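Worksheet: one structure, shown below.
Chains here go by letter, A, B, C and D, matching the order in which they are written, and residues are numbered from 1 within each.
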């Protein structure tokens, strides 16, 4: 296998592994830009994955599964909103709580319903988003350079992958070109300014959280019914946190968010690829090093060694008029 | 009229409100149990019997309580300094390494009571060391300690697995774990303490680290409310700007608070590693670090509250295991759900009932 | 037909917890007039205006606009009723452009593209009509405060405000900027708009308003035609008794230089120079006052001297010993006491009990406990002594600090800093938000410090305070010392310096 | 005699279509045959196993069967506490007088499926995805590689492990990615020995129209036409026999090792994969079976020296 093939293989893997990160980080983008820190992305993704898998299994339709995932994820967002917007609770504590609830509830319900150690039954056929082979992929395969890229990286992904990449410019457009976006960015910086402009801070933030919920739902659905064919215990496995780190690294901007997520996906892909292989001069590297790499990198990024990020000013602080 | 600034007596703030929050958390848990087709009252009965019904059960409950006291204190100490340490899990995991190294080094030569102080120090040092980098990053680079400690949980898992799989594993054995410690590396069980109450501990691993935990409670109380350092930590935790004004060094205080927090988390390892399984195993922390968050929030970051909250979670863990055994439909993850609900209601929704309670209080006290 | 008054308030009542901020307020404002509202800090002016603007809800009472009773549930209703407000603390999104700030809440459609062109045109028109010029594409945080305030006014006008509320608009302005603002306000009035102006400055009231109402401790105590009243009467109405703003003090006996600042430059976190090459000396036995409009570098200067902020360059000497860059704890040991300008954020930890605050910053002193532990008995005894000496009420060291009133909170800070018997005292806004009785008490203590041969550096935006306390005055403008004066210099002359006009 | 059987699964859960499901089937088989009810328990985390085993023992259940090596230390402890109860552990050895340890010669079974993989491969490259990186799983991989290379000595065998903790049994996403990597590198038959993670291997192979090989239970039906065969460990028999032996007072403690000879490990052929196994493949597999039983072919067991001689 020559270097180009390896490159293509890793690139394909990168994309598959980045998609849940992209959806989740965009989800976080909307809530954090509105001034609600969301450490509960992990839980949303997990709950959505579970709901998507259950509904897809019961209905036999991946689309219904997706809707279910979105529904649950919005529900989680609303609880987060109820705690941190309506009751002005600590946003981080609320997010952590939701992560626990998701981690526990998915297993409790999954086990009670399906008795597969918390997993859901495997999905087949239309219950799952299968890879789409783009026209001409097989024909193109033998064209040098472009061919393998087209056939193995661009083609052969499922619909959610393409939607994730579409969500990036869409998010940008919503944020910077619509009234909702303007207000959302404003409320994350200075909610009092929004309030005195006659706009309800709470409702605006709740709407932002609904968008977060929708995107979180896509992330979960991707995990359970596109990338895999079932829900598995704890399948989000820290991706929510990595997405959060990508969001910070990307300074809360949509396109950089995508790039940051691709970077993390790439690391993961390389880690998988390098397993059991030896690096010249160094020899075989323990797989744990690669497994820890994204987390180490996250810390390095957060430490601002690659530029300091200024979060939305009102982030994490509940909006209170009366002291 | 807004009720936010109406003062309430302590017994309401620290008694009624937390209990109310807890009750809601349990009520919702009951709904979950009911929704999967089991009887919540029956479940509650099984849970309590399973946790407190026999000497052995109580022994297990107290065993879990011990772990949760350590991690609860760990979260609380950081919390007082305004830091949300979600990394107790990883710090405890690495703390286990410290305890195990001491036990492995000494168990051949000395009795347990000689090993113990060194093990306490080893566990605390390793736990503190694991908290150091997130602490440093927070202090010097402003990276949010919440995220870095989560990352360090993952990194700890990778590190410990590497060590257990490649360094400590006993050749020919399947499970990645160290050899079994000799009695010189084990903390003895507290049979005598149970016997005082006329109960038999049986195989329950309730051990000496419980006493260490209680001592730590006292020391933490002393630290937070009676020491200069604790005063500085609380100042920083409540008002960073006032801390600057008062000349309280931010970096130093943050780092020390996190080191103490990490050290307490690390000591948690004494309980399962030296007190129960007598070896270092993968994933021995089993979520106790995260339980510490709930325990600390519920106990209002006060050692006494933490002891109560830890005992409650001890009951949940032991009783939950028994419950899931008797009602196979309810898995033990139900506890994680309850834990999440407690964090939600006792933490994020802490003040949800305050306005209502204020109104009732005002009516009753005739104001 | 007699035209209805623009605004009528009847029986407005509002409490924040235990604080009764507005008590049964009645107020009538004629259309096309400028109506002033004065009152001490905390009298409830902002609260009342915020109720009118829908930012807070009144607990009781009625609001009538143009004779029609309305319920102002939120700011949107207020805006729709033609009310615009320029808040005491600006309500701007700092990293947005002027245009985005003006459009926020009045975007003219779901998509921004459409509204933008219209907004630009309207801004041009308003600029031409009222002389309110600002670059629509400038980022707010890069604009000087005066310009930011214009954006606030533009926001209100852009929304078609007929009634304009300005809450202490001149606090951050130089006299010249203030005059410019007043010209704009007159133009607005002449076009039939109604203006409610809140200020502390009686001079401004006399200069521009048609009518003036006075608030005291949450109550509306009087309304006068401006032409028919005097500054003296208003001042008396404000505080409820005759005011004696002169402080009784003897001649200063300055000794050797104790605190010396040489070529000090301080930049803020964004790299903006806040203090620019400032030098001065403070001798023992004298009070040096620093006058200036808020935001001209006085705060940063104080913080640099107190060790809270690192100076970029220059020297600070205490007793000839360089101390720049030392931390506040070390400076306290050298005998520097600091009464910060913001007691809520710096001087006190509001959630602490009173006795805990009585040692803030001195908690490592051996008097309060040897070794690692605190001696709580000693601290409480000490706190009780201070409470008695400073008449802090209620006299309970175990009470949460938040539950003391502003004046008493300030006394807690003053007691702590002065009772340490420091060599030098630096003070920021010693009487902000403090009632008259406490003001006199605190002023007396400051003079006593001077008479005990301490060096005192005093920063205040209240010119009266500076003039009555200081032995020498320096004036800061845009981070620089622009002049030095004696206390008997005229207000006019000091005002010119504060505006950077000399 | 009357018995009160109990069964503790591994953390994969009862219906994992694999190892645990096999144990479950054994218990069901016994129940159907004798009408004896049994109690089972599915720990969802490693910490629960010990309590479950102890709970059963303390409540008078006998025999108590724990499948999965993960319960080794738990078994060591509990079995010592309850010397009168009979215990069975599958996939691990506990040397106590009241414990039967059932182990399998997975190397032999893996050798057979490796041979079939080698013959089915068109690219000359086959893959192996293991679950948790422990000697037991390396043993699978090593046997498999030996089998594949017996077809063609320059056969390339990619080997990956999903992880190093218990979570590796439950991570089909990573397993799927590893599979995809191997496919990208040219592998066209991939053997999964990864518990529930294996489902990800089977899925990815099916998605990419390659062959996979199931493990423990017969997984041929999971993706008919794509699962080439399954390396079946007759855990069902272990459970069934343990119950039966005790009921008939024939229970013996000690190590019970099951290889090809004892029918403990087999490769599965059924309607789902009949078409995939050509007569030549069948013949070769039969021959290898005979050779192994006869001892003319020796399959090296990784666990004897922690080495794979390839």
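To be clear about the criterion, contacts are C-beta pairs under 8 Å (C-beta built on N, C-alpha and C of every residue); 3 or more make two chains touch, one makes a residue touch a chain.
Going by UniProt, the chains are A, B = Simple sugar transport system permease protein; C = Simple sugar transport system ATP-binding protein.
Model, not experiment: these values are computed from the prediction.
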> Among the other chains, which touch subunit A and subunit D together?
Replying inline: B
> Based on the averaged CA atom positions, which chain is farthest from subunit A?
Replying inline: C
>> Please tell me whether B-D or B-C has the greater number of C-beta pairs in contact.
In response: B-C
>> What's the distance between the Cα centroids of subunit B and subunit D, rounded to whole Å?
In response: 38
> When the C-alpha atoms of subunit C and subunit D are each averaged to a single point, how far apart are the two points in Å?
Replying inline: 76
> Taking each chain's centre as its mean C-alpha position, how far apart are subunit B and subunit C in Å?
Replying inline: 46
> Between subunit A and subunit C, what is the gap in Å from one C-alpha centre to the other?
Replying inline: 46
> Tell me, which residues of subunit A touch at least two other chains?
Replying inline: 107, 111, 118, 288, 291, 322-323
> Of all the residues in subunit C, which ones touch at least 2 other chains?
Replying inline: 16-17
> Using the touch rule from the top of the page, what residues of subunit D touch 2 or more other chains?
Replying inline: 42, 44, 133, 164
> Got a list of which chains touch which?
Replying inline: A-B, A-C, A-D, B-C, B-D
> Touching subunit A in the complex: which residues of subunit B?
Replying inline: 2, 4-5, 32, 36-37, 84, 86, 133-134, 137, 141-144, 146-148, 150-152, 154-155, 158-159, 161-162, 166, 290, 293-294, 297, 329-331, 333-341, 343-344, 347-352
> What part of subunit D is in contact with subunit A in the complex they form?
Replying inline: 9, 11-17, 20, 42, 44, 133, 159-161, 163-164, 167, 170-174, 176-178, 180-181, 184-186, 196, 199-200, 203, 207, 222
> Which bits of subunit A are touching subunit D when the two form their complex?
Replying inline: 1, 5, 8-9, 12-13, 16-17, 107, 111, 114-119, 122, 130-131, 152, 223, 227-230, 232-235, 237, 269, 272-273, 275-276, 287-288, 291
>> With touch defined as at the start, can you tell me which subunit B residues reach subunit C in the complex?
In response: 1-7, 222, 226-229, 231-232, 234-235, 238-239, 241-242, 244-249
>> Taking the touch rule as given, give the residues of subunit C at its contact with subunit A in the complex, in rising order.
In response: 16-17, 53-56, 74-80, 85, 87, 89, 91-96, 100-101, 103-107, 109-113, 115, 155
